[in-house]
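Think of it as A, B, C and D in the order they're written, each chain with its own count starting at 1.
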Amino acid sequence: MANFQGHALPGSFFLIFGIWWSLKYSFRYLNQKGKSRKMNYYYRKIEIIDGGMRVFFAAVGILAEQFVPDGPHLHLYNDHDWIKLMNWQHGTMYLFYGISGLMDMLTFLFPVVPLGLDRLLMSLSAVIEGILFYYHVHNRLPLDQHIHFLLLITVIGGATSTLIEVFLRDNIVLELFRASLCIAHGSWFWQIGFVLYPPSGGPAWDQTSHSNIMFITMCFCWHYLVAIIIVAINYSLVCGLVNRLKRSRGEENIGIQKLTSGSNLHEALLNDTDEE
Amino acid sequence: MANFQGHALPGSFFLIFGIWWSLKYSFRYLNQKGKSRKMNYYYRKIEIIDGGMRVFFAAVGILAEQFVPDGPHLHLYNDHDWIKLMNWQHGTMYLFYGISGLMDMLTFLFPVVPLGLDRLLMSLSAVIEGILFYYHVHNRLPLDQHIHFLLLITVIGGATSTLIEVFLRDNIVLELFRASLCIAHGSWFWQIGFVLYPPSGGPAWDQTSHSNIMFITMCFCWHYLVAIIIVAINYSLVCGLVNRLKRSRGEENIGIQKLTSGSNLHEALLNDTDEE
Amino acid sequence: MANFQGHALPGSFFLIFGIWWSLKYSFRYLNQKGKSRKMNYYYRKIEIIDGGMRVFFAAVGILAEQFVPDGPHLHLYNDHDWIKLMNWQHGTMYLFYGISGLMDMLTFLFPVVPLGLDRLLMSLSAVIEGILFYYHVHNRLPLDQHIHFLLLITVIGGATSTLIEVFLRDNIVLELFRASLCIAHGSWFWQIGFVLYPPSGGPAWDQTSHSNIMFITMCFCWHYLVAIIIVAINYSLVCGLVNRLKRSRGEENIGIQKLTSGSNLHEALLNDTDEE
Amino acid sequence: MANFQGHALPGSFFLIFGIWWSLKYSFRYLNQKGKSRKMNYYYRKIEIIDGGMRVFFAAVGILAEQFVPDGPHLHLYNDHDWIKLMNWQHGTMYLFYGISGLMDMLTFLFPVVPLGLDRLLMSLSAVIEGILFYYHVHNRLPLDQHIHFLLLITVIGGATSTLIEVFLRDNIVLELFRASLCIAHGSWFWQIGFVLYPPSGGPAWDQTSHSNIMFITMCFCWHYLVAIIIVAINYSLVCGLVNRLKRSRGEENIGIQKLTSGSNLHEALLNDTDEE
């Protein structure tokens, strides 16, 4: 959907998941410090629901792309040309994110599924989105191309970092990084909507101006900055909550516990090897 | 061979090996769970046959490229120009895949050959294919170029993932990923044949149309989706088979065994380190 | 600030930090050889001051970019166009380096902050600088473009190597590499200033000459060579100092101690795993 | 030196070192199997001589580039333009390879030098060669550009694989890969000399013909194939020699020793971790 709604919809999906992930991973990391890290029943449940929500959102996206009034309504080809390829392409993106959600569900439902395939498919969904976007914007105006290429940066970053998670699972740094990229990805979709299809009905931006391109580049950096700040705030809130929970259960405070342990060197690496 | 057969032949080779690998690696992974992972006599045999088949297929490919009626028949240069360079290039690709198969055989026949060289040469075969393809399609029509560049994506993915296998050997996630890329690689060869040399004799596709390029990009994603589904089905079938085998031998069911072990965190990493 | 001072300022910042890092990391590595590597109170202090200085320098940079006589003075947009985007972009770069310094401080002040986030943010600051520079120089003269692209090489190298430090923390090879890139980054800023805005007031370089471009490429290599030499000298000086310190405290000499240990193979890897 | 000799000289250097490395690393790997891998006095000596030879070759290269009859004779700039920048650039390449050799010597002479810096500098030498070559060939004829870009492939491969050696030191797969790339690098220099400056005095190749470019691409693959075969032959010869040596010393045969050990899975990884 080449309009404001068509960018606001995926933007909202990514924003919601980015924020949710920053909370989920912060909680798991802070709650499990110093404890055995067996994934218990509740975590498993949450992961399955997480995957299920992604499947649901993907289905909503596909249906919206197909059955909006000017959508293809499942027609792909008439006797002369392809029909509404843009909508079909967007649907393909949603489809892969849905498959990735399905894989998450399967991974935590059936232990026979090898761990890591869920992260691999999540990474591949981003790669697919990248391929589609890259060839999406040929023959467009400079600003339109540029604003979509900046989107690709978050896509490439997300694909790479999630690919590393295949091998370094449950690494809090990578998980928070993924959450921040997801937030920036979502907010940038909104930004694209505002720039290319101003909802206020005002005049569109001059798509050939070099200074607009320079501003948009910088604006992208600011979006990512805001994403970092959101993740930092969420982490702090969860940290406060977990401390309060532990105190009410009579456990010692996280902060103090770690401070007295003297050294937190190599913790990142240890996180991935201490059970082996 | 710049015709339908010339694309169907390598396409079939890659399809066969992709499907075979998805079965082989699934079986080895599922059959060895919880057991010592010593590579026994039968696995070694299978690996040698696997390599041998690749050598055989490569030889077939090289001979076909050389001795088809319009082939170069081992002539490389006459007094004015190079002869049938296309066929020679295709032959070079087959040659490297044959060398890779030979290396597999040597690795499992002679223990003195360092492990990892087989994967390195497999990765290099893909790199060589990539280099040849990349310079293959200069000065062609846009659709022709684009459809070959999409092939490059599977080649690059395969080269990278196989290179990681040099260091993370016997990682089921990487092995299934390689199988899926191999299937998509093969089916995409068939797609190229159908698009550029329609066997039905119908009119060829308009090679300059932008919407054809957009469709082909999306079509590539669908091919990969089908490859994922094939691998998933094969994995499920093998899982059912192994469960039946184990039950008939009085062993416990895989699924149950893993479910009760509580946590399968870090298994991917553990797979590579538990014997060290 | 598109003048000599605007390049000399960040150049000096990077030079100072590169030299300081080459001293700091050499000292920590040489002083801790063979001892337990618990990060003690003083190292923690130094890291916090290090981060604080980066926040301070970033603030100086931002204020300078905003409030020089021809700066934007916090105005971003008037009724026709964006105001002084160049200064805003430079300010954004400083901002991210400041955030990275802040993250360093937080990491060593609050143990609840996961280790590795400081390196991730440092890597991201370099990525942001890279993105801004890459789109900064469109539509400029060839030499101007080229000299900025060479700067990008140090930025990309620094971003990549710091990203690896997220996973391989306290690796002396990576740390010295980062220091050398930082020095070359700084000295190259000075070089850009001398080439594009000769402070002597002499004639500027011919920006379209191919031989100027060839010389500048080679000159960049020489800058990096000087950076390597500076790091080597600093390492040797610190080594002499630490030896003298240890002798005065009655400890054995580093050199001898290591020579007798017979093998220093795998030390680089061991450095990252010996405490696990 | 833009003539046949100017390409034959570095070509010979790389060929000699590639072949020497394939012998050295094969011997060390095969001789140390099953034994403690302490680096003894003789290995250390060999490494120092290896580095010293590289310094010597680099010095020869620099002097040749400076003092050939049409060389710059240490003059860099006259009042109008840069003098013989090509020779200066080649000299810079030799310089960095010399620095890398010096670093090897320092690493094995002074135990206080951190291990890994030698590999890092070797990787950087290749990067520097890559940067210089990349900007070297702008504004040349298509075949000239293409034949140099193919050289870049071996440079990039070598830089990447040597960079991995910083972290996975003494990995035989990476070492043999480096040797094979080094041989192909050297033989390709000779090929460039034959194509661009035919020593027979015959007519030069048509530098704009597309079929020449296609042939050269394939020819590059064949060069690499020959490099692989050379490394394989050297490995086999060393293997036979080591077996004979061990038999004469009453030790068991390598091949048998490994065959009976049942499993050689993960050996590549084990090679890097078994001493930790």
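One rule holds in what follows: contacts are C-beta pairs under 8 Å (C-beta built on N, C-alpha and C of every residue); 3 or more make two chains touch, one makes a residue touch a chain.
All values reported here derive from a predicted model rather than from experimental measurement.
As for how the two copies chain B and chain D face one another, under half of their interface residue numbers coincide. The most distant chain from chain D, with centres taken as the mean of CA atoms, is A. Chain A maps onto chain B through a rotation of 90°, based on Cα atoms and reported in steps of 5. Averaging Cα coordinates per chain places chain C and chain D 30 Å apart. Residue positions 168, 273 of chain B each touch two or more of the other chains. Taken as a contact graph, the chains are arranged in a single closed ring, with each chain touching exactly two others.
Interchain contacts (touch definition given at top) occur between A-B, A-C, B-D, C-D. Within the complex formed with chain B, the residues of chain A that make contact are 37-39, 81-82, 85, 88-89, 92, 95-96, 99, 110-112, 114-117, 120-121, 124, 128, 131-132, 135-136, 138-139, 166-170, 272-273, 275-276. Note for the complex: chain D touches chain B at residues 29-30, 146, 153, 168, 172-173, 176-177, 210-215, 217-218, 220-222, 224-225, 228, 239, 254-255, 258-259, 261-270, 273-274.
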